[in-house]
Amino acid sequence: MSVTGTSDVVLDRVSKSYATVPVLDQCTFDVPAGSFTALVGPSGCGKSTIINLIAGYDWPDAGRLTVSGRPVSGPGWDRLVVFQETALFPWMTTIDNVIFGLQNRGFVRRDAEGQARELLAKFGLAGFERKYPSQLSGGMQRRAELARAMINSPEVMLFDEAFRGLDTMTRGLMQEYLLGVFEGSSITTVFVTTEIEEAIYLADRVVVLSGRPAIMKEIVTVDLPRPRKLEMLSSPQFGAIHERILASLIAEAEKDFSENVVLTEMLSASRGL
Amino acid sequence: MNANRYRRGIDIGLSFLSIGLLLGVWQALVYLHVYRFAYIPSLPEVVDAGRDYVFSSDFVSDAVASTLRVLAAWGAAAIIAIPLGLAIGWNKTFSDLSLPTLELLRPIPPIAWIPAGILFFPNVEGSVVFICFVGAFFPILLNTINGVKQIEQTHFRAARCLGAGQREVFRDVVVRGAMPSIIVGLALGMGIAWMALVAAEMIAGQYGLGYMIWRAYSLAQYPVIIVGMVAIGLIGAGMSACIRLFGRKLTPWQSQ
Amino acid sequence: MQPRGLEGKLRRSVRWWNTPAGSVVLQISSVVIFLIVWELFGKVPRAIPIPTPDQSVRAAVSLDPLSFLYDCVLSFYRVGLGFLIAAIIGIPLGAIIGYSRLARGLLFPAVEVLRPVPPIAWIPLALLFFPGIEGMILFLTFYGAFFPIVYNTIAGISAIPTMYIRAARSLGASSWTLFWRIMVPAMLPSIFTGLHIAIGIAWLMVVAGEMVATTGGVGALTWEAYQTTHYPLIFVGMAAIGVLGFFSSQLIRFIARLVIRWDNA
Amino acid sequence: MNASGVTIRHVTKKYVTRRSGEVLALDDCSIVIRPNEFFVLVGPSGCGKTTLLNIVAGFDALTFGDVSVGNDLIAAPGVISDPGPDRMVVFQHGGLFPWMTVLENVCYGPVVQKQMTRAVARDHARGMLARVGLREIEERYPGEMSSGMRRRVEIIRALIGHPKVLLMDEPFRALDALNKSVVQEFLLRLFDTHACTIFFITHDLREALFLGDRVGVMTTRPGRVKTIVDVTLARPRSTRMLDSRDFLGLKAQLTEEVHEEALKAFAAGEREAAR
């Protein structure tokens, strides 16, 4: 796995609506090259839309979205996505999944398989090459998906709530795993999540988004040292950052929560009990 | 949005074109005498025959007879299959006692019951209704069983935690939880009963729409066959639509 | 320790009929009870007594095995041929309708208009159109199997998760690769669901066709048994139809399991 | 109020699976939950937390040991008592009836137990929903609400019958951070105002410490009680306490204990998958 990426991602007043519903409104932020940036926001606020735009599955209605200074013009293996639920092709074995990208680029099967075996071994999946995804545990599926992306040496990695659906324990171990892979690499990473703890634990910077339509609310720099350790989750610094992000989200919810007025009422009612 | 309206316009246009093409190809094949299409009545003939036939008392009595037969059979199937399915889905012991026999009978298509049906019943009416009943019975039964099986265990547990006894669990969880699936079964059952009806009337009937198309064939009134087919299709579709509509009223929590 | 105050609420956790062995006993007794009830029905005095299980078995034994086998094979062949043609036409048609918006707009309404007419109602027209009986029966089995196959293929193609298409495009798949390595396998489970329903309807159609035409096959056997007053033979015919239908749907299930190897976890 | 403690003594649970033969799910678990206590149990997935809760609820039988709620014996070898309104459960995947509106759901318990007539129960439920700001959604079906909202309604439905103990099985697992924090505060306020005993299962250590009076840690399978930690934070709790030194110290301690078990369970899981 070679490290090539020094790409940055820049969103400049990007807007997007579906039918008549605005999802992104003049959203502006940048992801510096080689950084690990997390996006948090209330569910359904348009975080996934941002991932889809960067990946090239969709186009902004207005504004400019560039990766390494070039506007995004469609999907490509320089920007790969790890999806919410596992997106491994269920009808291909683990190794066929991993070499899929290389095969599309004209690699000979034998060379591709050699590379894939090496990478799978590194990801703790040696011996599982011929298994179908449904025969792997949730954590293994995510690692196989990660391997399928990493074998293409992408410049930008996009995670769309990648660890949702895993139980908390596996999730914690996957986070550690991800840190092991990404700390020290120069891959630019955008990580969408609804878990504040996860965002702080993994990222250099946390972008807080407002409810729909999403606009960038605040960027919180995570100044915890690297490599990240589990103990840091209990440090005062961590607590402070957590509190700041949560406060920011709740303030947002109180201001306008797209889903219901009731939630706001709820908050005040529960405080007044 | 404009784009949406534009798109819908195109879709409607294409639908007309599609059905137009179907009718057009039919006419072309008939007029050009391709293979044996010369034997098939053309659209104008069908329309003429339809005009004469639809307002005749024969048609009305045929349609009414068929509809009543299907409704009786379907109703009886529902009255028997729904409680049976609820019991089988809910109670393991009851399921062990009755499901193996039902599974044994299930692969036999309703049409294959025609001779046995005639044998069981002294009159035609009884055997035709019986055959439709067999057709409607299994889809309703199986969907009811599945409906109960698909109810999450959590809901049974929640009801018992809240103090519901067996009777209340049955009334408030089993019946209501299986309702969406029962309605699917009722619609499917109606479709198959209608199909079985046509076959039974054709083979054993003395009147009814199925018998009508068969008689039209024997009497060489070929355009009437197509009129009958259209009538069968329309009445069947209408009844399915009624069931779906009624079903939506019964399950207001199912979002569309 | 003695339970206090709750005797009424406490219960033993397992009774014998809830154990696996007890369940098997109940299941066997279910079939036995059915046979006894059937036997008793045969004893009820009426104009034409209903044939009993043992009479039916005796009728089955007295059948000429060769001609019976011939009937079975003939019906099976008719179902198989009609079903195969329906699959060969229906799957690509469903795929095109599911894939292209234009094809959907152009073809789907025509299919929709034809659908509410039960395939059995086509029998007179088919008799009129085809010069021989075989053509008529073939058309019926084909036509009955056709709609479930088309509908499930359309459903299969529209239910492919966007995620798979997107992942493949990101990984540089060409349209050819996208179609053959992503879309085809993704819609296979749904296609097999359609084939499974279709084979059931094809059997129904073949029985109807054979009863009308009475030229060989298990449907004709059953109908002729009635006409020639060999009543016990009716149940033999029905059983044959049931077994053959069950066997063909198991066959489809078996092929599905061979093809869809990834779904067995 | 009628809140009672829960006594779990030497509870052991074995079951037989076709794949791996006899499995020991719980091994000699003893926990004493005091009346009006908020007890939280944490541990890796598959460690038997849910099994223990199911035994207390009356959904599952035990192999050895006994459980009582207050003075009533609930479970012993060979006998289980039917689930009932004295031990109300809030379920992991949501237990609201999708075919009933919010109001019907909340009324269901009192009406089915014939404690109240339908009309009285409706008034009562309306009052309760209004007090917690859920009045506006009473005619909605669960399918028409967010998951956070469903959780709140389910908690209200559970509390309206004044259960002796409230059993909560990872109830907030599927919620996002914002909704989770709102519902946690909601539960805390209800716990402060309604006397009840709560037995709460979670994976989330932050949640465990924020809510609980005591937190028990379970080992990976077979489940045993490893340690029980006293949460020394005062009530009423507020999010501000999450920054306190006490809280962080407890969290560090728990993190270490649970992580050790998680690693064991994870290794066991991979072994299982490899078979």
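Per-chain residue numbering starts at 1, and chain names A, B, C and D are given in the order in which the chains are listed.
The criterion applied here is as follows: a contact is a pair of C-beta atoms (placed from the backbone, for glycine too) under 8 Å apart; a residue touches a chain by one contact, two chains touch by 3 or more.
Everything numeric here is computed off the predicted structure, so don't read it as measured data.
S.K.: Going by C-alpha centroids, which chain is farthest from subunit A? Tell me that one.
M.R.: Greatest centre separation from subunit A goes to chain B.
S.K.: Which two chains does the highest number of contacting C-beta pairs join?
M.R.: Per-pair contact counts point to B-C as the maximum.
S.K.: Could you work out how far the Cα centre of subunit C sits from that of subunit D, in whole Å?
M.R.: Centres of subunit C and subunit D (C-alpha means) sit 47 Å apart.
S.K.: When the C-alpha atoms of subunit B and subunit C are each averaged to a single point, how far apart are the two points in Å?
M.R.: For subunit B versus subunit C, the centre distance works out to 17 Å.
S.K.: Return the residues of subunit C touching two or more other chains; collapse runs of consecutive numbers into ranges.
M.R.: None at all.
S.K.: Going through subunit D residue by residue, note those that touch at least 2 other chains and give them in order.
M.R.: Residue numbers touching two or more other chains: 82, 84.
S.K.: Mark out which residues of subunit B touch at least two other chains, giving numbers and ranges.
M.R.: none
S.K.: In the complex, go through subunit C and note every residue touching subunit A.
M.R.: Of all residues in subunit C, those touching subunit A are 161, 163-164, 166-174, 177, 181-182, 185-186, 188, 260-265.
S.K.: Going by the contact rule at the top, pick out the subunit A residues touching subunit D in the complex.
M.R.: 40, 42-43, 124, 127-128, 135-137, 139-140, 167-170, 172-173, 194-197, 230-231, 233-236, 239-240, 242-243, 246, 249-250, 253, 259-263, 265-271, 273
S.K.: Quick one: which bits of subunit B touch subunit C in the complex? Just the residue numbers, please.
M.R.: That would be residues 10-11, 14-15, 17-19, 21-22, 36-37, 39-40, 92-93, 96-101, 104-105, 107-116, 118-120, 122, 191, 194-195, 198-199, 202-203, 210, 213-214, 216-217, 222, 225-226, 228-230, 232-234, 236-237, 240 of subunit B.
S.K.: Applying the document's contact rule, which stretches of subunit A touch subunit C when the two form their complex?
M.R.: So the residues of subunit A touching subunit C come out as 55-57, 74-77, 79-81, 83-85, 87, 89-92, 100-101, 104-105, 132-135, 148, 152.
S.K.: How about subunit D: which of its residues touch subunit B in the complex?
M.R.: Listed in rising order, the residues of subunit D that touch subunit B are 57-59, 82-85, 87-89, 91, 93-100, 108-109, 112-113, 141-144, 157, 161.
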